[in-house]
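We call the chains A, B, C and D, going by the order they appear; numbering starts again at 1 in every chain.
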Amino acid sequence: MIEQPQMVKICNIKDETPNVKTFFFEFTGHYDPGQFIMVWIPLNDEKPFTLSYINGNIAGITVLRRGDFTKTLHAKKIGDQIGIRGPYGKGYGLSEKSVTTCIVGGGIGMASIACLADRQENATFIQGARTVTELLFRHRFKEMKLCTDDGSLGYKGTTVDLLRELIGKHNYQKIYACGPEKMLHKIFELCSEHHIDCEVSVERYIKCGFGICGQCDCSGQRICIDGPVFNKEDLRNMPDFGKTAITKSGSRVSL
Amino acid sequence: MNGKMAGISLSVNLCNIRLSNPTVLASGILGTTRALLKRVADNGAGAVTIKSVSKEQREGHKNPTVITYEAGMLNAVGYSNPGVDAARSEFYNLEDIGAPVIASIIGTCTDDFVEVAEGLSESGFSAIEIPLSCPHTPGFGLLSGQGTPEATYEIISAVRRKTNLPIFVKISPNVPEITTIAKAAEDAGASAITAVNSMGPGMIINIESKKPVLGFKVGGVTGDALRPIAVRCVYDIYKAIKIPVIGVGGISTGRHAIEMIMAGAAAIGIGTGVYTRGIDVFSKVCAEMKQWLMENGYNNINDIVGIAHD
Amino acid sequence: MNGKMAGISLSVNLCNIRLSNPTVLASGILGTTRALLKRVADNGAGAVTIKSVSKEQREGHKNPTVITYEAGMLNAVGYSNPGVDAARSEFYNLEDIGAPVIASIIGTCTDDFVEVAEGLSESGFSAIEIPLSCPHTPGFGLLSGQGTPEATYEIISAVRRKTNLPIFVKISPNVPEITTIAKAAEDAGASAITAVNSMGPGMIINIESKKPVLGFKVGGVTGDALRPIAVRCVYDIYKAIKIPVIGVGGISTGRHAIEMIMAGAAAIGIGTGVYTRGIDVFSKVCAEMKQWLMENGYNNINDIVGIAHD
Amino acid sequence: MIEQPQMVKICNIKDETPNVKTFFFEFTGHYDPGQFIMVWIPLNDEKPFTLSYINGNIAGITVLRRGDFTKTLHAKKIGDQIGIRGPYGKGYGLSEKSVTTCIVGGGIGMASIACLADRQENATFIQGARTVTELLFRHRFKEMKLCTDDGSLGYKGTTVDLLRELIGKHNYQKIYACGPEKMLHKIFELCSEHHIDCEVSVERYIKCGFGICGQCDCSGQRICIDGPVFNKEDLRNMPDFGKTAITKSGSRVSL
């Protein structure tokens, strides 16, 4: 394979929330939910995003506006081109229909888990956000259990609080999660405690995307190629998970 | 077969550092954290090199920083690194890595090199590698004139005075007379030459967007494209100097490694090979070397070092 | 589609020479006889270059003189050629070739260049190309110091005084500052820069026989391995000088050609591509260029020259 | 394909005549009679030879001692290694059994045509040499018609003389020939005159062997890749055939 961006035309843009937009483009490769692509804006930068939609040969990325790159991306119009390469990494492993599963998305982590939710039938699906206006995909997934930190909609509290309650009632055998690492770490602890399988998607600073630069390290695991999705056993051997990460320069910071 | 292979020795003595085999993780590949170094050692590397460290923290160039094409890889990472103080805390307990660890240090002036070398001198590194040859980072290597015989001599002598560790000087293939640089390094007290760094720089333009793909526009070329150039450099340097040569450039198979060793390399570095064959490229290359040695009636890798010169 | 493609113009004006398309047969590939030049022109080349001619006949290096590997080709032909007098009788009636013919001349000293240039001046060549950049022939090019700005200036000025033909100066990618050479050539009166010659040299060792494969042991590296280096050279030279650049190195598809043209090439040379895609590589590359131009809304190849700089 | 020599061990050597030896080695690739391989002696040189024997996975080259390279080759012993690459070029086209064919080998040209004779059934097979001691493969092909210039064995005269006689008697539809170019050219003229198809193998100085260096030109045809075997139509458009050739340096010489 040759790791170089291919230009694609943005064929549609959807405003999801005031700070989140979904960009649609043609995409024909194989894609496992949880994998990511690198999105290139020439002369600007190139950063990782998961596919949040796949519909025939149209895929979408759902992007939260944060810094320079995502601001530039948000300014793109229908017809503009972006470069994409990938998909990269190891996605979520789908469960048998008979396995009772729960999917948890926190914040923009929803983007990563949406395609999984499309494919994993009969799962409980929990979404958490700080407030009602930040909730995503409410029309797409009608059965979602919603949590907001401020109680502006649904359960008042975190996804972890709600998950803890639900675990008491349901016999989940497998939990999938994507969101802030603090949330993921709590879910990992919860799953360890209750002996539930889990798979979570971990974020680190990505440069190459294919396992050579070492930038995305988490305890010797390369997020980009060994992850981004890890299971409970993997995470047990990743002491950095939930604790520290290395930045763009390689400096170690506490989470 | 396995019985016979067991009798074949790959171990090499490089400047009094014992390597269980001649494969070395090249600098800039996966060498960002202690945990990754350990993982590479677990995957069979005979020695591992950290990503180059400068005095101050650096974010490096914008992405894309690494791309591949038909014949190899281009990179312009731009020496992102956390700086020497952070590196000192990252790289501790190096005895437990399972393979000798080589520090790679960079600077924009001679004093910087000395400062970084001193900053890492108590960390348990087995050697210090000094690249004077990066083709794509302003202020460093070729872009700040460090690749001349004079600059090489000055920087290496200065570091030599301040450390007792073996010093490996990493040089560029982009120079008309590579042996004069190798000799300048040897004269300045270098313990070994690492040949070579990436070549070029090169550029790849995405024709649909009409823009260079790399964030820095140009980047060093590595992998298959570089191998014959690297083999020739090692061949020439081997003839010109007495200290050992670590051959780097395009090695991803046992046959490539043997070719480089026959050209004169005492050990061989692997970078792009981590991409082409996976993180276990080290154990794969070692198994392939052993197989070839056995089939060709050798039982010690050291017997073929420089044999292409006979 | 074919109807639309017909409206797309590939023709270029290179130093007042009209080429029906920008593909040029690079020197040293098939340019040994008049009949082969004609065959290449019949296969769609926009211009063809003869194999470099020296004052006296030369047998060149021992075989193997050309080998390939994963990422390209290595050659050390060693400038075999029949000498200027024989070349004059070989290359006659050049108007009938069907494409402009470029003479390539070499020498071991300035006087030789002048003598060979004069010797071929009445033969109907459209231009004279002067390679100062061969990495593997003692007495010529890089191995006799012709690749410096000073030597370039001296040789090119001397030939400039003796001929009215356009002069293309062919330079090496193996130099730290390629633009200074290009500028020296421009200052000396060159009409265009051909960038680049083969890089390296490189070496490939056959590990079973433990010997370098090429008869001359080392040879210039061309093909895919060279392409990103050549693109970067052309990109840099395009910015630095006003005369046109002929981009050569690793081009075997229409996409490669377009990439090189976007970097700043007014025309593009093809050498190794004759191996990878056959003698009709010229017409294939032209068809692919037309296709791309059509799909991307261009109808004239000249509109994209240097567009990657915008 | 990668054009580099592979080392093979000489497993047998046969003295064919005082000046000709056959060297056998393992060879597994596909081979069409008339194609050639490049034989490398490290640090010496590399030159073209046709395969003269193929028997299972053992092939042979039959080599006339001429200059430096073939002398060095003749000094090789069983167990020594040589490098080979190829096969290269376009070989002879085999004819249907119903086509009456004649195969003509002159001198060391026999090496090229021997494997064709193995495969082309029911052909008349003529060999010519200067004298009896230079005749090749007499035990291998029992039915050969032999000619010697000095009359020391068989027909006294050239293969062309004999062929002219035989054409009178037999209705050859196809003639194959390899040998000195003067002989080939006469056979080509003979075939043109009698409207007989022919294929002949032409020699020129070979360097690369794969069509890039231009050293082996004959009127714009590259012997190494467009040939070495050409048919009557090809030859008609090759005015250099039988007249001039270019040497190692590219100088043009008359034949």
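Basically, a residue touches a chain if its C-beta (ideal position, glycine included) is under 8 Å from a C-beta of that chain, and two chains touch if they have at least 3 such contacts.
Bear in mind the structure is a predicted one, so any value in this text is a computation, not a measurement.
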{"item": "Chains touching both chain A and chain D", "value": "none"}
{"item": "Computed distance of Cα centres, chain C from chain B, in Å", "value": "34"}
{"item": "Geometric centre distance via CA averages, chain C-chain A, whole Å", "value": "51"}
{"item": "Averaged-CA centre spacing for the pair chain B and chain A, given as whole angstrom", "value": "36"}
{"item": "Multi-chain contact sites of chain B, meaning residues that touch two or more partners", "value": "69-70, 204, 208, 211"}
{"item": "Arrangement of touching chains [line / ring / star / complete / other]", "value": "line"}
{"item": "Pairs of chains, among all present, that meet the touch criterion", "value": "A-B, B-C, C-D"}
{"item": "Chain B-touching residues of chain A, taken from the complex the two chains share", "value": "1-7, 38, 40, 42-47, 81, 83, 207-208, 210-215, 217, 219-220, 222, 240, 246, 248-252"}
{"item": "Contacting residues of chain B [partner chain A, same complex]", "value": "28-33, 35-36, 38-39, 51, 57-60, 62-70, 73, 75, 77, 80-83, 86, 89-90, 204, 206, 208-209, 211, 213, 215, 271-272, 274-275, 279"}
{"item": "Partner chain B, residues of chain C touching it in the complex", "value": "69-72, 74, 142, 147, 174-176, 199-205, 207-208, 210-212, 218, 221, 223-229, 231-232, 235, 250, 255, 258-259, 262-263, 292, 296, 304, 307-308, 310"}
